[in-house]
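In the part that follows, the structures are each spelled out as structure tokens.
Shared between the two complexes below is chain A, which has chain B as its partner in the first and chain C in the second.
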Partner chain A sequence: MTAVGAPSRTPDTGRGGGLRPALWAEWVKFRTVRGWLVGLGIAVLMCVLFTYLVANGIHSGTCTGTGVTCHSGHPAVPTGPDGTAVADSYRYLSRPLTGNGTVTAQVASLTGRISTNPVNVAPSPSATRPGLAGWAKAGILLTPTTTPGSSYAAVMATGGHGTRFQYDYTHDRRGTASDAAPRWVRLARDGDTITGYESADGTSWHVVGVAHLRGLPGTVRVGLFVTSPVAFRGQTGHPTQATGSFRHVTVTGAANGGWRSQSIGAGRADFYPVLGTGGARVAGDEVVLTGSGDIAPAVVQGVLGTNTVASSLLVGLLVGSIVLVVLAALFVTTEYRRGLIRTTLAATPRRGRVLAAKAIVLGGVGFVIGALAAAVAVPVGDRILAGNGVYVFPAGVGTVVGIVVGCGLVTALTAVAVLALGTMLRRSAGAVTAGIVVFVLPYLIGSNLSGAAETWLFRLTPAAAFSVLGVLPRSSLVDYPYTFGNGYYPLPGWAGLLVLAAYTAAALGAARLLLHRRDA
Partner chain B sequence: MIAAILAEWTKIRTLASTAWLLVGTAVLTTGVGVVVVATTHQSSGGGSQDATKLVLTGIDLGQAVVVVLAVLAITEEYGTGMIRTTFAAVPGRVTVLGAKAAAVAALTLAAGTVAVAGCLIAGRLVPADGLGTAHGSAIGSITHGPTLRAGVGSVLYLVLVALLAIGIATVVRDTAVSIGVVLAVLYLPTLLAQAVSDPLRRHIQQVAPMTAGLAVQATTNLGKLPISPWAGIGVLAAWAAGALLLAGLLLRHRDP
Partner chain C sequence: MAVAGSQRGISGRDRVATARTVQRSVTQPTTERITTVSEQTIEVSGLRKRFGATQALDGMTFTVPPGRVTGFVGPNGAGKSTTIRVILGLDAPDEGHALVGGVPYRRLGLPLRHVGALVDAAAVQPSRTGRNHLLWLARSQRLPVRRCDEVLDLVGLTSAARRKAGGFSLGMRQRLGIAAAMLGDPPVLILDEPFNGMDPEGIIWIRGFLRSLADEGRVVLVSSHLMGELQDTADHVVVVGRGRVLADAPVDELVSRASSGQVLLRTAVPTEATAALRRAGLAATVVDPRTVAVAGVAAQRIVAVLGQEGVPFSEVSSQRATLEDVYLRLTAGETQYRAAVGGEQGR
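Take a look at the complex of A and B:
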């Protein structure tokens, strides 16, 4: 601890001095202790180093979609129109349509089978039981190309979610029809506008949803599709297969080419676990399609792993936080130890102002260090994971910025909370221990608790703030166990930060009260 | 040596924080154990849980309190300058270190025994979903060999953690930094091991003080452990011995 620097522009540091002189004094105190600056450097270095170690230690040996062969590296994951990972596997019976037109069909029945083997075991036709996945889909689909990941619009009957109009993987509208068969569906193209209709009787139609697919070519493919996603029983996923029976299939408009039956995105190199590639059969008026897969955002289905740009950051962020916790405790307890606090409070008699100045300085330093460490560590971890052949869910610039800012806020709030604890206890031991244990412990004992208890740990304790690292994709269109064990935090990042902020605010309030009431 | 130990005993005994920390160790350890057991469900088909190990989970938290106790025994003297008086009274610096280690180890032994006994008793009383006797995984009587090993080993674990903390604190000489370093050495490799995949995970678990030391808590599936129970305690003992050795060397060559 060196001098308490007097502000150059405002010589009066007394009662009327405002917050700025106190702020300046605290900043000078912080930056003139060489050990603390070294500590900040260590925090960033350790964060990056541990991220590097974790990323380096994650290898993948994944199995391809059919589960027959396993090898290092990851299978192909299609990228949707908006750059996110998608699942795009289905049975498609289609023909070209030039210009405007409509397709109408009656979904006479939708039935399914569920594999009794989990997704990582090769499926066999004999090891199945009857059952229909909730998101099994049968209906009419329009797409410019059949390349997995391409733009599309579709109207469909589902296993347990009514009639739906969906386009480009993430957009979804629910119709009013019940799950009971038969249902009528119609898809109409008018330029770039695709409209999905439903009907109970095939005569009175009403609109389910409208999509504007920009840049749609003159000739697109239209036709019938059936697909059926992985069904989860607890934590275990089982591939499924659905069979849809269509009647009264009519196409209006310039549909000249012949019908063609294709299996889309269900090859050996594709990631989505399927139960056979299905087929198509036409018998008189009836068209029967059997398909397996999903057309939806790619949520982890047991073969991709749960790695994101943030997944190797956790231990690094904890290390950085531990260093900052120590510095934050020292920032105030050293003053008590040396008696400097009496000088500080004599210079700035308003004690709340001293605490505020310390909190702002430490919060600012904490934010910069946390954000800097994350900004360096995220690309490092990402690059190494990719080099190890691990699948990393694609993340946009917004997601990465969210992680960096989130990490900065976690370290800032943590540092301020520990400062408040240190002010209350006037000794560093309790503040440091509490600051470390509250973050580490939920991760250590969480895995022993039941799912519900573990989830509450990450809702109620300050460790909820680590939700900022939870950037795995989740979708209401995919049934998946979104549990902590699968890498999903129970709270969104901002809510987790609010939990930590509440603890920090409470600690600051208590510290301010004690600082006023007690002798220094 | 006896006089030095008695002096250190008097010092640590009369600190107001000592009693609180000892009580805290026992209460927190038992409390976490009870909560974990009460909320654990047998995972379906995931193999039977090791109930004894589960009920001793509280050691994860209890050790942090032991670390504080051990670190304070050293750094408080450096913080107040008392250490110069101590060395004036007992010029043999390694003797002082040994005396402090003995006093802290004795207190940790006592608190640890109470804490572990509390955990094991609680484990037999608290009704736990899915940890039924049907699987043969409920906590055995203390006369049951593996249970006895887990209990004695856990107490020993706490004592060794205290010695590790004494060593590191003597090297570092500052309370906040010492606690940060000791808890980082204990917790970080454990979290690191959770984050990485297998060959590396096993290696980390074999050499890190906390994961290796806590292998002694296992009572079932010993073949799947990364390191055998007593060998794990040996690894932790090596860490503690290394820290104390470094502390002794630095004590001899540094001004207090």
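Take a look at the complex of A and C:
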């Protein structure tokens, strides 16, 4: 009866050996309640299931006639050299250039017209008004092929952004010339190095930018181009057209082939809304090109839809979060309900340590579950959307990893915050309710508000963290209303996570204070 | 760090003493009283605590030395549980302090190695197995996993170890709670109502168990409302009421102090017996047709007198007070919940 085994009495450190024993104890507590482990599985399943259901409800296609004949699919969206979606539609007057050489021209004038019909109504030449888009472009372009999405380098005059040297869609350098025409531009090839110049008078030149286009073939096409992107008035986009007049066009180097005028990327199957395909006219020294479209990163543009690898994940993440909110609340409130908290605090009298250990365990579990759910749900949603003919913006490995890690952090921070609420309220029902109200409800409210209110909601409330799902491409080179209504979150993902982290930290601080002050 | 620990916590000498004590308990039968004096004590000094309008603790002061079982009794609301929670650092007193081995509980590193406590046997997560309940506690104190199996064996729960604690009877939960208290093999044990829900076999077991813990030189503080159990178990008792100590004395002393010294005599001839006793100068009165009460004299004297006088009698019994009598007398003015105490009295 009294065979009390003597435990190996390791010398007491007097500090309880730091956080690790408490951490280990809390982990054992979590993993030894089977219901909670099942709950974690349910959280992942719910996330994947709702992602599937949402993706399954999104279709894309074109219907003809009475709508009986529908074809699933989306228009062609070119992919740029870095794998992202691009717009590549313009009027091109070009000739082959073998080896090194230069092209020089004076952009004498740049004018434009804007369709009075929005992008979803077929444009007509009669329904237009004069006007020049800010990113209307006229200049010199070099490209190995005219296939949409191919590599290029160009120097150009723009409607409202000065002289620019751009290459491969995302790279941009601004020159010094004002928008007041005329200005001179020159593009020089030396091996893989392309240099863009500008000049006010055609005699003194300075460099705007340099590009190294690797693997450029010996013979490329060089020539003049004009294009003009969709212009937005409020939320409504209108296709535009620009006309550029060039003088003093000279080409040096082995440019022997004849000039050819082409409309690039403005076919029926191409996604970018254009106002006519334009044309080219040579009158003596003057070359006049009319074009419509853009050479830039593709953003939603009102025609592509807002589907990304993360877009169908949202509802699943919300539902999965709710399951985690319940588990996080129970992890501490059951201890209060059963009186087990006294055993816990007697075993670890430094109460901050108990809270920290619980937070680390729940944070870790929340992160793994959120990341796991996202890692499973993203390919599921992606595949379903692709099967439904929906255009999904391409995402690199980095983007997907960002979403997976971001979702993990959202669920981890939410779980820890709810743990803090549970510690404060000591009641399961109260903690679950508060957790859902504070950490899930703002999103549901926000998605039904409009304008400034929703923008602030996604900046100031914990819902800001859902910005980690905002992976729609945006570009300073494209004028577009990057609003929540168009699928763009007001904060970048990391900033949204910081907002949630601030709430979590505040809740933890309050919980720690109360835990210290109150009797157990 | 180890040096800091030995300064702050129990001294190194104490630890050695405790270890020796425990070692002896393993190798020797417990009938031999081990005389190792540990410096471990529970010291409660001037505790005051108010919950709203209720003064739960009102100058509670007592010391529990090692080597004996100290009972801790009082009516509901007397402040027993609050005192225990203050000792364990769970509740903060408004005034006063409680020390275990000279230090406040909250400053103990790995406290379950110093103090084992059973506060509430119902405090288990129902879906966790008994063994896993001990496992997380062991982890929190850096104790080896085998300690879980050892204490389960100690309390006789080995066969139920892998069952969910939610399915345990109250008696089994008490055993699990005692196992948890013993996990760190602590020199100080505090058990709140360990007899609750125990079957007779369990009560006998726990009585012997507490005895052996005290014999090993540990500090043992046991609260209970079952006076009969404490009378047979405790060496010393602290009686409390309304947040104060009413009595703090050895059980024997309390009982004899309260005993009236009255002897009851069963006889068929009460009148003759009374007359004979009065002749011998004893204060005898007839209580009922078969009983005579004699005050202030030992039973042997009465037997001698009656033998000389040739008065027949069937039984002589000296009326010794029980701990329950003592308790009821002490707490008569202190009872806050009379109905509850009345119920206990009826046992």
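Just so it is clear, the second predicted complex is superposed on the first by the 481 of 520 C-alpha atoms of A that agree within 3 Å, B and C clash if a C-alpha of one lies under 4 Å from a C-alpha of the other, contacts with A are read in each partner's own complex, and residues count from 1 in each chain.
Here is the rule we go by: a residue touches a chain if its C-beta (ideal position, glycine included) is under 8 Å from a C-beta of that chain, and two chains touch if they have at least 3 such contacts.
Worth saying up front: this structure is predicted, and the values here are computed from it rather than measured.
When the two complexes are overlaid on their common chain A, residue A:I360 makes contact with neither chain B nor chain C. Once the two complexes are laid over each other on the shared chain, residue contacts for A:V440 go to chain B alone; chain C is not touched.
Shared-chain residue A:A510: touches no atom of chain B or chain C. Of the two partner chains, neither chain B nor chain C is touched by A:I42.
Contact with chain B, but none with chain C, is seen for A:G234 once the two complexes are overlaid on the shared chain. Residues of chain B touching chain A in their complex: 17, 32, 35-36, 39-41, 44, 54, 57, 60-61, 64-65, 67-68, 71-72, 79, 174-177, 179-180, 183-184, 187-188, 190-192, 194-197, 200-201. Contacts from chain C toward chain A in the complex involve residues 1-2, 4-10, 15, 19, 22-23, 25-26, 30, 85, 88-92, 105-113, 115, 117, 119-120, 122-129, 132, 135-137, 139-144, 147, 150, 154, 180, 182, 184-185, 205, 208-209, 212-213, 216. Of all residues in chain A, those touching chain B in their complex are 50, 53-54, 56-60, 234, 312, 314-315, 318-319, 322-323, 325-326, 329-330, 333, 337, 427-433, 436-437, 440-441, 443-445, 447-450, 452-453. Partner chain C is touched in their complex by these residues of chain A: 1-17, 21-22, 24-29, 32-35, 334-335, 338-340, 342-343, 345-350, 519-520.
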